[in-house]
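Residue numbering begins at 1 within each chain, and the chains themselves are lettered A, B, C and D in the order written.
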Amino acid sequence: MRPHRALPAIALLLLAACGGHDRNAATHPSTLVMSLPADADNLLPPLTTNETASQVGALMFEKLVEPGDALNTVGDAGFRPSLADSWTWSADSLSIAFHLDPKAHWHDGVPVRANDVVYSFRVNASKDVGSPVGPLIAIVDSVTARDSLTPVFWFHARSPEQFYNAGSQIRILPAHLLQSIPDSALKTAPFGRQPVGSGPYRFARWVSGSSIELDADTTFHRGRPKVDRLIWSITPSPDAAILRLFSGEANFTEYLRPQDVAQLARHPELKAVHHPALQVFYMLLNERAANGRSPHPIFGDREVRRALTMAVDRRRAVNTVLDSLTPVAAGPFSSAFWSYDSTLPRLPYAPDSARAILDRRGWVMGPDGVRHKNGVALHFTILAPSTSTVRQQMAVLLQDMFKQVGAKVDIERVDFAAFNGRQQAHQFEAALVGMGLDPTPSGIQQEWTTQAARANGPSNAGKYESAQFDAYVDSAVRAMDPAKAKSYYHQAYATIIEDAPAIWLYESSLVSGMSTHVQPATMRADMWFVHLADWTVGDGAATSGSGSVALAASAH
Amino acid sequence: MFALRWLAAGILVVSLCAALWRLARRRDSGSRFQGALARYAAHPSAVIALAVLIVLYCVAAFAPWLASHDPIEILAPSLVNHAPSATFVFGTDYAGRDVFSRVLYGARLSLTVALLATLISVLIGTAYGVTAGFAGGALDAIMMRIVDAFLAIPRIVLLIAVGTLWSPLSVTSLVIVLGLTAWFATSRLVRAEVLSIKEREMVAAARALGARDLAIVRRHVLPNVLTPVLVAATLGVAGVIINEAALSFLGIGVPDPTPSLGNIIRDGTPYLASAWWVALFPGLALVITALAYNLAGDGLRDAMDPRQVDRS
Amino acid sequence: MTAPLLSVRDLRTYFRTSAGIARAVDGVSFDIAANESVGVVGESGCGKSVTSLSLLRLIQPPGTIEPGSRIEFDGSDLLSLDDEAMRRIRGNRIAMIFQEPMTALNPVFTVGAQLAEVPRVHSRISRRDAWARAVEMLSVVGIPDPAERASSYPHQLSGGMRQRVMIGMALMLSPALLIADEPTTALDVTIQAQILELLGALREKTGMSVLLITHDLGVVAESTSRVIVMYAGEIVEQAAVRELFARPHHPYTEGLMTAMPRAGERRERLTVIPGTVPSPYAWPAACRFHERCPYAWERCEREAPPLYQIGEGHVSRCHLAVEPERRASPHLPLAARAGAGA
Amino acid sequence: MRRLLASRLLQGIAVVWVVTTLTFVLLHLAPGDPYAFREGVPVAPEVLQHWRHVYCLDRPVSAQYVCYLRSVASGDLGYSLSQHRPVRDILIDYVPRTLELMFFGMLASFALGIALGVLEARRRGTFADWGSRGISLFFYSMPDFWLALMLALLFAYWLPIFPISGIENVIAAPTNSWWQRAGDHLRHLVLPVTTLMLMTCAGIARFQRAAMLDAMRLDFVVTARAKGVPEHAIAGHHVLRNALLPVITLAGITLPSLLGGAVLVELIFSWPGMGYITAMAVGSRDYALVTSSVLVTSVLVVLGTIAADVLYAIADPRVRAA
């Protein structure tokens, strides 16, 4: 081999040799490496729209108060202090004064003061910025600074969740760094790529497309976080994120699909953690026909919808596709809500009475095992996203169960973007939908009321309209007394369950995958990452290991 | 019973190859085609490649009959990522489906899509090349610049762009898209051949006899163009197979449950560490097919075009 | 007579191909004395180029120099040297120049670099010194402003100049023997004369011997002292140049002489030797020229003529040497009678 | 030389113009308005309105075309809805990483390709010749993404010496010195570049082999031998220098396929470059980002082809003088 041609081979060996050395490099302070398939977009909270950016933002910016893990959003009982130590209501409860923790400070050393809160409210409410929080804080008239440590919130009117909306929606921003920038220019401000916050973690590095890194703020006013470094390790696709966890280059990944969980058995160094999630899955029935005006020949009839619900053995379906741990959903709400109670009625699995109802409604069984009613066959299509194996398996099981009661079902698989598009354009008959819920039960008002159906937006695509249900929801949302609110919610839930606008399938719990020596703190249903500062990585002591396999194996 | 079926298929294929071999060895008829066949048979690698191709197409044709399980049916959640065993020759994938049957059906799909797409690309390429070659002058220059533009865009990026904007692609639209993005090389080749033929006296003579352009094209140009186009087509198929697999791998090609070699590999990607067989076997099938086409294409080029002697 | 610089004895170079064995050079023997200029003449395909390449063992597969051949140079047999030893002789003790100056030089390297390469390959000379000697050699071979020309590329020079560069390259290490394979064929006449005159002058100055291979009798007449005539892989006649031109003995040499147009002579058609050069895969039996020889008789077809001594330093491979009377009855050669070709 | 450069530039501009038009057509043939409000992508309506105005999507097609050309010329490639950033900023982040991958990929594949080509030509007909040609054809026929996967499988799991994803070891990075980080970055380059190399070297080796065999037949080889130049110097110096010329033109042609391969390699090894971003744009139907990456990719290729031609002109003295 000519000398100059051997050079590349020698170089490769050198690289390989130093590879080994790098593997067990000096021990690193406890580090949580989270692999996930999406890069952040803008780290300025009011401009954040994607999941990664909201996670990073949540650990760098604080709210005034934080809801407790029970997510009781009515009144102020269920809340605990964050940026504000304490708060006092005015006599007519039309204003609340928050007392900031004097020790709170921005990562550049400047202390947090009331005018930061005033500025933050103004920015989040401004039309130019278009913050997603805007509509939620519409109930707040204005915010003033009584003194340098006491911002005061003034309200238009009293409402059960006024404290929640005021103190726990806005993440406080450093006015001294941002107020000189006009609102419309905030979008392209460099702050969005290099933010300064007041939270437990300060910004370290952002290599776009590769990693975002935060270091613990040792002087944080609520105590030093246990995990020293948080790294969001970004991959191009969900598959690559799982690959990174399994190869040991990451020690946490937020979302494992059922098939990934099955695969975890082969990796002793990893474990799966189920934690509640505010997410409910159901088969939405479109009550309008294709022309969007006349009722759908099958789903327009409430009795037929009830019959189809009774034809489905929901418990067996959930056990087969997922596991027995996952609860069967009662309705479009989460069992974690304070407004939930176990006495709610449920449509039973009763195929015989389902057949009886269908007969009574004139759906005569045809020779080919499919029912007909004045020329229309009991035949409809279920739309399912091709990327979700769980929903595809569920569609196959439902198809089989409906066949037992004489209903012919086709399954149409489309990719995710088309799945959303078809629902919004009402070009579907039935669809296996997964909906994320707001932490507060009042969210049902935006999702299922007649007003939502008529708004022609993405909500209530099935066009469920029930005046009685609307009335109950309105009074529940307005009731100041939690007990009265709960009884109204009960009647609203009972009504929608009886009307069966959709076949409620399961409340999915999120499954995260992590290395065995990561101990997570409580993972709150709406935001699993809110207590990330209290997690511990390794047996508390600095765990060694960086790069691939060593990271995972270092605990043994 | 399952092994019996494979045995029958094996016998059929072997007899087919033997017949072909005897044909190649026959010396008597001295036709141009015969000489080419003999020269082709002289290349051992090309003959093996042809035999492999025959086997592949037979397997693809009889896939439903040969497959051990239903490729789409989710057998049982318990059998997820099961290692290769007697019942599941290539193991099972994450959804508990038999990889062997999916590879069979996937190969069947990939082969048919590649063949049809190449057919389209050859037709378009030849037509485009002939018009550009014959028209000459400004039109020829413009047409060639357009081809340069298309060649300047890596084919996979073009496919991704098209895939994004018109997804999900049904199999027919996939064939059309693959066909539409593969004809550039063929058109250049055909144009070069047309230009060289145009100069030769026979075309001038034919024109002198008052033959119209179209007649000239049919009688003189097309037969001569046949050789390079045939060679380019064979080599082209390998490229199209790989591109179809890449598209399915990216999730833009064939929609999910229908198996294509590309999306089987995609299913196996996240579990590479512990379930490597899901990604390995479809890839091997792809490589064997592409390699067979490449070797056959090389053999064909030497056989049909002795002038351009390969310096082997 | 001091020992000859080069003595070739029974040189055979065969090419074994699928079409059979081509005996391009079939038993050639000759000597070259020091500072002598010898010409080798013959139609193309008679083996003169293969002979020259064989001297430097530059024959590439499938050609081989048959065992039994001997090339004695400066006291040692070149055929017994190992490759490395032979390599050290090429360009150093024996050098060679070629016919096509256009392609004989490497187009992508400067002329100076290709000249400087010769000393650098053969000795531990520094790049700067080698370049200086290259420039100096360019002036020796008569190239105007050599320093500037050294860094120009072959395609920037004229044919004549490129041939001068070739000669310079050959003479970099003042070899004892220079083999020139048709050096002037590709040049026009005026340049041809200059090159031949340069070769002669350099030969006098350096005392080297020159083996000049050409098909042009005029070139041989002017620049060589002795001539070897080759036909069908064999030497058919060898003599001092004046002797050969005055009394050509072998009919083939005679044919060559009459075929050459002489200045001032008025002739419409040039006389042509009928027939064509035979194929090396199957040389004709006995005398290889008998089919094209006007004097051939049955002995010529039966018995291969040896090299008869017909004068001082004058040999000829023709039975006329022993039966001169045959020359009186010339007849139409066999090839002409048989009509188109053999 | 200047004339050649001028004609190549003109051709390049023509190709870029055709590609821009192609991208415009692609953008407009796609169903739906690229800046339409789409559920699941919460963007303030006035942002959409701004970008729809910038591309004059509210005006007739011909006006839109002129508008598109003007904005592209001024370097304004639109706004990415999935990344909420102007496309130009995104490309500034991601294009250099693809260029880096391409540079090392090109270097490695040409080095190996030339070495193999020379080896095969010098040992023609022996086992080394057809053996190396067989192996490189085997890799040539392999789909690039599958080759990447197999390398990842081999090197990441069974012999874990090279990292399989990302551009640096995110954990160790901040505490390393710069040269440690450079070394680590190179280690992350090894597998992606090896994939590109194995994929492309077959074509180059085959071309180089043919060029070598041609050059070996030229007369100056005999002259060199007559000069006493040793055999390996003849092959390595005289012949190779001539045989390299045609291979340089090959650089222009392999560029598109290498870039295509890079797109898939980036996906497998999570190398955040153009392919990575294009794949993300695919998922979220980010029309602006997809069409602008097509545009940028083809401009890169056109520039690369022109560079290859210029390099050829410089390398070949006969052309340089013209």
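As a working rule, a residue touches a chain if its C-beta (ideal position, glycine included) is under 8 Å from a C-beta of that chain, and two chains touch if they have at least 3 such contacts.
This structure is a prediction, so every number in the text was calculated from the model and none was measured.
**Student:** So which chains count as neighbours of both subunit B and subunit C?
**Tutor:** Touching subunit B and subunit C alike, sorted by label: D.
**Student:** Among all other chains, pick the one whose mean CA position is farthest from the mean CA position of subunit B.
**Tutor:** It is C whose centre lies farthest from that of subunit B.
**Student:** Which chain has its Cα centroid closest to the overall Cα centroid?
**Tutor:** D
**Student:** How many Å are there between the centre of subunit C and the centre of subunit D, using C-alpha atoms for each centre?
**Tutor:** Chain centres of subunit C and subunit D, defined by C-alpha means, are spaced 55 Å apart.
**Student:** Using mean CA coordinates as chain centres, what's the subunit A-subunit B distance in Å?
**Tutor:** Roughly 46 Å separates the two chain centres.
**Student:** Indicate the whole-number Å distance between the mean C-alpha point of subunit A and the mean C-alpha point of subunit D.
**Tutor:** 39
**Student:** In whole angstrom, what separates the CA-based centres of subunit A and subunit C?
**Tutor:** That gives a centre separation of 93 Å.
**Student:** Where in subunit D do residues touch at least two different other chains?
**Tutor:** 156-157, 267-268, 279, 285
**Student:** Could you tell me which residues belong to subunit A and also touch two or more other chains?
**Tutor:** In subunit A, 240, 243, 247, 417 touch at least two other chains.
**Student:** Chain pairs in touch?
**Tutor:** A-B, A-D, B-D, C-D
**Student:** Which residues of subunit D touch subunit A in the complex?
**Tutor:** Answer in residue numbers: 38-47, 82-86, 90, 93-94, 97, 108, 111-112, 115, 156-157, 160-175, 180, 183-184, 186-187, 190, 232, 236, 266-268, 270, 272-273, 276-277, 279-280, 283-285.
**Student:** Could you pull out which subunit B residues touch subunit D in their complex?
**Tutor:** Touch residues, subunit B against subunit D: 45, 145-146, 148-158, 160-167, 238, 242, 245-246, 249-252, 265, 269, 272-273, 276, 279-280, 283, 286-287, 290-291, 293-295, 311-312.
**Student:** Can you list the residues on subunit A that touch subunit B in the complex?
**Tutor:** Residues of subunit A touching subunit B: 238-240, 242-243, 246-247, 259-260, 262-263, 266-267, 320-321, 386-387, 389, 392-393, 396, 413-415, 417-418.
**Student:** Quick check on the complex: what are the subunit D residues that touch subunit B?
**Tutor:** Spelled out, the residues of subunit D in touch with subunit B are 11, 14-15, 18-19, 22, 26, 29-31, 124-125, 130, 134, 137-138, 140-146, 149-150, 152-153, 156-157, 209-210, 213, 256-257, 259-261, 263-264, 267-268, 278-279, 281-282, 285, 287, 290-291, 293-294, 297-298, 301-302, 305.
**Student:** Going by the contact rule at the top, pick out the subunit C residues touching subunit D in the complex.
**Tutor:** 53, 56, 58, 87-92, 95-96, 98, 100, 103-109, 117-118, 121-122, 153, 155-156, 166, 169-170
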